[in-house]
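Across the two complexes that follow, chain A remains constant while its partner is chain B and subsequently chain C.
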Partner chain A sequence: MGSYADDSKWADIVPIPQDDGGPNALATIAYPDAYSEATSYLRAIMAKNEFSDRVLELTADIIDMNPAHYTVWLYRAKTLLQLNKDLREELDWVNPIALAHQKNYQIWHHRQLLTDKRNAYDGEREFIGEMLDEDSKNYHVWSYRQWLVRRFDLWDDKEIPFVEEMLKRDIRNNSAWNHRWFTVFGRYRPLTDIKHTEQSKQAASFAPLSQTGRTIESYPDSLIDREVAFAQEAIKLAPQNQSPWNYLSGVLREAGRPLATVKPFVEQFANLDEPEKVRSSHALDFLASIYAGEQPTSGPSSADESQKDVKKACQALDLLAEKYDPIRRFYWGWRKDIITKEARATGTA
Partner chain B sequence: MDRDENKIEELSDTSAETIDASDEEDERLFGHQQHPTGADSPLVPPLFTSLPPIQDSLETETSQLQNRTIQECLPLLAAAERAAGGAIFDFNPYGLPRLDRERHVAFLQGSLGRLPSGFVAADASRPWMVYWALTCLYLLGQDLAQYREEVIATLTPMQNPDGGFGGGHGHYSHVAPSYAAVLSLVMVGGDEALNLIDRKAMWRWLGDLKQRDGGFQVCVGGEEDVRGAYCSMVIASLLNLPLELPSTSSAKQNDSDTLITGLREYLARCQTFEGGIADSPDNEAHGAFAFCALACLCLMDDPQKIINETLDVPRLISWLSSRQHAPEGGFAGRTNKLVDGCYSHWAGGCWPLIQAALDGPMPFDGPVAPTVGTIYSREGLTRYILCCCQGKRGGLRDKPSKHVDAYHSCYALVALSSTQHSYFYMGTAPDKPITPLTAAFHWASSPRVLDSNGEIQEPICDEEDRVKLIHPIFVIPWGVPETTRAWYEAKSGL
Partner chain C sequence: MASSTPPTSAPSDRPVLRRDKHVKYWLRCLKTFLPSAYTSMDTNRMTLAFFIVSALDLLSALDSSVSADERSDYIRWIYKCQHPSGGFRGFSGTNLGAATTEENRHWDTASVAATYSALATLIILGDDLKQVRRKETLAWLKRMQRDDGSFGEVMTEGGRIEGGRDSRFCQFAAAIRWVLKGTKSVEDLGVQDINVDATVKYILSSETYDGGISEGPFFEAHAGLTFCSLGALSSLGRLNKLSPAPNASSASQELRAPSSPETLSRWLASRQTQTVEEPDEENTYGDETDSPATCHDRHAFISLPPANLQAIIDPYSKDAHGECNTSTDGTQQRPESLRWAGFNGRANKIADTCYSFWVLGSLGILDGLHVIDREAARNHLLEKTQHLIGGFGKITGDPPDLIHSYLGLAALGVVNTATAAPRDTQPHIYELYEPHVRLLDPTLCISLRAKDHLTSHVWTSW
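Then we have the complex of A and B:
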């Protein structure tokens, strides 16, 4: 990129040099000359609120040198919208930059702004796939996909197979597990319902706010069965993988099913009769919850008390503290305290 | 410390010639020295020197990266075990390397100087560079008032007429650099620094960021997430801004709407099925956002009341507790991700807030008596920070294979301070209920010392490796939030 000062196209602009705070300023950067000059022209352009084709060239130039410059992205988006530019073309321009700068998040907000404006999502899921090939847990990319699904009501048959493909590559990819949750349950938790605030104020009297705001009384059994089975299959592949355990526990709690409904399954991986043969600390944790008679945190049904056994719950927690997960020993001890205090209070100990 | 070379990394190097001839010399001179725990019992508990008890055979990208991380941490965690002769003096009686204070100070002072052109990527984060370095320098015992004029000079051109600060001169106002700028100014303190902030404009600008769903955008037209909420509430609370929404705010639907209307509900929607908290509803639970959400709640009210009413606390604690890894000892940000020095604070820093939610307010006129106490491993976190995060030439890092930087230095040292102290929410006198956005001014703290039996429950640093006390919600020097708020309260009008 040549110098702006030598370019007749920019002759009318008086650049505004950077004021980085004078000779005593802290954390000043020895900018390359090209960057200093380009950002001086940006300040001048922004000061006069110019939106033009040359602004697109200038912002592209700066983005090329520093894609973490959030202001330049926002100004570029404004310019594109002012000039009624072809936004699909812009997205195609952005793609290689996103691929080259995996950790950059400004790009994803830019993308979201433009896609929202375009009111179309063609090509977007494909590009997300390409990004995740490079970094399968990229937080911004997954967030963008979640936004996309909600924005365009894409609760269709493409998301579940996509998640399953991602999990086939790496069954421990927790971002993919989170996306599965979102795909299955997200549609029952709308975000745009402003009245939700009022409802939840009342709900807060018996459950924490985060457990409220659902639009469905109870989920179809087949849906919950399918999700439970999916998590269980994943656990069999690698029992010490925490993601499907969290998922399994989440599904049961969301559906209001007692954790004890999966006790025989859990005991395949942790059985108190064979404390030497525990194959998963997460199974042991799960077992402790079952024996503690933990209530599902939401949903209509109540806890299954039939499996409650305080002594066994403590035994599982002791095993975790002493042998299978001792870095968390104070946590396991705290759980044990709660259970024993509760038991003493209710006289079930 | 005047050591010529830091042996931490050489000792960890599995390759070879780690102990040079001078160590043999030392051994002869100090051969009588024995470690207090005796020769037979290990200095470092096996938890931190051996592989996890259960590992699945199925290999995936996640397990490969996790194993690689364990392998790069283990030699550093166990370094004291293999330290021979005089090198033993590089470690304390618990097998922890010393805090390399002088080199860290030098590194952070350097990060406030002229930065090479490669730092162009940090051009939109200069207030952060200032905040991270100042926070570290305070923790390491430096006087921050000496930076007062420089901080004012640096941040003045970044303040915009709309009230917020940009990441640099001419950048749009954004809550993240505004948070860093405001905190840096109040840390150096003084009338000129505190007067620099245009509070009336800042208040109007926060009103522009407020959204109808209760949350905050990070900049006008930017993304909405819990960072936006936390940073905005820190600013409003410290600067004693009016609670009411300015009439110019598009989020204002009723006269009674305030900066915190719907905020609790918004944060509640960010809790995920795992129990952790995401940057916004639907997304994956993440340590950084858990801290932002919890700290934001603690700015609003009594932690016990507001956290329990807003979040499913047992699930939150279950998720948070799982983020601490062994043998590494440090925290990861998400399920099945890797430990990273910065999550020592983002995830680790949730603990004092959660503990306050469990303990409840301490008796206003009685002795401090927490009912629950610590439920994470302070020992593990201390080991990760001191063994794995310290760079050879000063500065702290994500993990041993990464370079040091000011960001990781800041959050690793903040977390080190947190491991060395206990924090309590004190509440207020019964006749003086908490007013909105003043709850965070009612905390107390104490250094962790030997317990009443003279025994240490968990190994802690030597006295010389203590760092200063930091506020668990504002993340600035202890005492500064209160004096800042009082200064603005004493000032009439906006």
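Then we have the complex of A and C:
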């Protein structure tokens, strides 16, 4: 006998058993008896659209056994709203479940819905901190943090110090680097109706995008200088860390500055005159891009041709393929092939 | 161009896919209850069904192990999950049966992910899709699209779209549309089409500063979401492939993505890694100076013998483009340090079986598999995550699970397809990259055999 069948509180409910439609159903699961019973009561409850305190208990029980059951979460959310429950209390109830199920999508959907309804974010950044203590790269958590910043307009407040604290803990945390990018550049791309994203079909719309997916913005020089310097300091700390190198080239491209503007810096880590002393494969890659005369942006500004040197670009790519990053030797070889073919076609080689 | 004949017999130390064990693993999944630990996957049963049936197809074991009666029972179960208003449910658990009314029917929803899984599984099982509510499903798909071009997972009360805002559902939706429209356009069927441009714009807005694709504007690049984005573009006919494949549309004004397949291929190639353990025990809080011991991508500093490296590391190859002086005598072995390399899903993360597929599948869609080391990828799967009892685990030592076991096979299948293509530019090392796995279409994630059933039989009967 199951716990619901024995409980007088549920005596009025006739459970609806699961109908799996005859023999040889696919992907049948050996459900625990308690799950089969609870979901049979859920079907009966959904059939009569009941929203009550006992429904909160039932949904909590099912969530405990299957936190990825999206219908249960949606039913619970509706019940909470119908009963005018304290949503902060609900968030406190959700917290340990989120901590126990790091990869779960539905919990974050639920959380976003509740926080949006509450129109308040107290406790949220603290809980995000707790989650990141468990897994500092949890994709759902970082996504939720971005939503929170946009929803409550938190651009100036604590985001940059927060990112810097996360990077102090682990300079290779690419999620934190991405969050820095979002914090610095995201505010220039408002999502016009982000405040209602989960409430209606109306969705985020963006500043018009060019064919390439990017608009060329004009940012204050001081901002770009600051970000370049930040990436460079991180590179000095750990030269073989791909995150700040990607950040550095991303910032330069976003600002329309040629990659060659940081050539002296890059050469501290990879200089073709001293091929034995390369300290970073990413620096070599960067150098190859500079020598290949890569466009600083895919937009209208012209490439910086002054540093273009196909031979040196190939030399850097050879070093990568043969010595400093042989795992990617096919990639480096392919890139070299493209560069040499281009050069032959334009007669620059 | 080097002209030596590629060797067709593998060296004795080339690892083997233990086909019989994998077949056994999948037959157990097909014919007995999945362990109760899968209760948390209850709402995704249709996708688990797809993994099981498709895996047996990839292993060429479906026909020999499934009776005609079983096959028709499976098909009947899938159709039992079809929703009256279009699409398929992910499982039977929200079907209220006789208790269904106008007031409660919104709790029983079709799911975009399950709908693709259901269609794909029907196709693999050889069904004719005649019982699919084609028009209703396409009309429902239109309703599942948000104004920003993305798709939700389910629709609830009052037509509200629920579920993540990311490219997973874009891919499923695009594939459903491709399968169901067949050789016609959606409008030809009397149904309003989805806004294709909006979906392409959504994907363009998800491109990241480091060259990958994320779940939406300003999120972190992620190989799984990159794969989904490319799959969507491919199904929508809006994909920019890697050169030198000509982009047929260069003259047309159609919006396409990714904006730079070259940049994206760099990001994808950067995912190949030998880091397979969490770096915690050697992390260097407070002392971040790189050394081979502390740096996450320390494989980049593998020390190699100085000689002719191209020859050493690619003993079986002619050069990818025939432009280097590469030894092809095949006598030298790949050094142990380059024997295997898996894939991570994001920068500075560890290798994981599923990312082998997300990355190889992405490159397969882009026509870019020549930019990575396929033998090292294969060795990683077969030597590091293939399990003794069959299937693949997530990382070395993990027990197999359905997702990783399927994606491990699919990863081998997608490289098979690339190496079998006559225009393949990376050396044909052996007759087939993985002889025990069928060729796989990365966009649909089913075997080419199953795809052929759809295009040559199902579509022609519509």
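What we mean here is this: the second predicted complex is superposed on the first by the 312 of 349 C-alpha atoms of A that agree within 3 Å, B and C clash if a C-alpha of one lies under 4 Å from a C-alpha of the other, contacts with A are read in each partner's own complex, and residues count from 1 in each chain.
In the analysis below, a residue touches a chain if its C-beta (ideal position, glycine included) is under 8 Å from a C-beta of that chain, and two chains touch if they have at least 3 such contacts.
Given the structure is predicted, the values throughout are model-derived calculations rather than measurements.
Enquirer: With the two structures overlaid on chain A, would chain B and chain C clash, or do they fit side by side?
Expert: In the superposition, chain B runs into chain C.
Enquirer: Classify the contacts of A:E322 with the two partner chains as first (chain B alone), second (chain C alone), both, or neither.
Expert: second
Enquirer: Check whether A:S136 is in contact with chain B, with chain C, with both or with neither, and answer first, second, both or neither.
Expert: first
Enquirer: Kindly classify A:T340 by the partners it touches after superposition: chain B alone (first), chain C alone (second), both, or neither?
Expert: A:T340 contacts chain C only, not chain B.
Enquirer: Of the two partner chains, chain B (first) and chain C (second), which one does A:A5 touch, if any: first, second, both, or neither?
Expert: The answer is neither, since A:A5 touches no partner chain.
Enquirer: Thinking of the overlay built on chain A, is A:A120 touched by chain B (first), by chain C (second), by both, or by neither?
Expert: neither
Enquirer: May I ask you to decide whether A:N173 touches chain B, chain C, both, or neither, giving the answer as first, second, both or neither?
Expert: both
Enquirer: Determine, under the contact definition given at the top, whether A:T71 touches first (chain B), second (chain C), both, or neither.
Expert: Both chain B and chain C are touched by A:T71.
Enquirer: Could you list which residues of chain A make contact with chain B in one structure and with chain C in the other?
Expert: 16, 18-22, 24-32, 35, 39, 43, 46, 65-66, 68-71, 74, 78, 109, 137, 139, 142-143, 146, 169-175, 178, 181-182, 185-186, 189, 191, 197, 200, 204, 209, 211-213, 237-243, 246-247, 250-251, 253-254, 279-281, 323-331, 333-334.
Enquirer: If we count contacts the way the header does, which residues on chain C are in touch with chain A in the complex?
Expert: Per the stated touch rule, the residues are 29-30, 33-36, 38-46, 48-49, 52-53, 69-70, 73-74, 76-78, 80-81, 92-97, 99-101, 103-104, 107, 109, 121, 146-148, 150, 153-154, 156-157, 159-165, 201, 204-205, 207-211, 214-222, 243, 255, 257, 259-260, 262, 265-266, 269-270, 272-274, 279, 283, 285, 288-290, 294-302, 304, 309-310, 313-314, 319-321, 323-324, 338, 341, 346-349, 370-373, 376, 426.
Enquirer: Of all residues in chain B, which touch chain A in the complex?
Expert: Touch list, chain B to chain A: 47, 53-56, 58, 60-63, 111-117, 119-126, 129-130, 133, 147, 149-151, 153-157, 166-172, 174, 212-214, 219, 221-223, 262, 264-265, 268-269, 271-275, 279-286, 308-315, 317-319, 321-322, 324-326, 329, 334-337, 372-377, 380.
Enquirer: Going by the contact rule at the top, pick out the chain A residues touching chain B in the complex.
Expert: My answer: residues 16, 18-22, 24-32, 35, 39, 42-43, 46, 65-66, 68-71, 74, 77-78, 109, 112-113, 136-137, 139, 142-143, 146-147, 150, 169-175, 177-178, 181-182, 185-186, 189, 191-192, 194, 196-197, 200, 204, 208-213, 237-243, 246-247, 250-251, 253-254, 278-281, 285, 294, 297, 323-331, 333-334.
Enquirer: Within the complex, which stretch of chain A touches chain C?
Expert: Result: residues 16, 18-32, 35, 39, 43-44, 46-49, 65-71, 74-75, 78, 105, 109, 137, 139, 142-143, 146, 169-175, 178, 181-182, 185-186, 189, 191, 197, 200-206, 209, 211-214, 237-243, 246-247, 250-251, 253-254, 279-281, 298, 321-331, 333-335, 337-338, 340 of chain A touch chain C.
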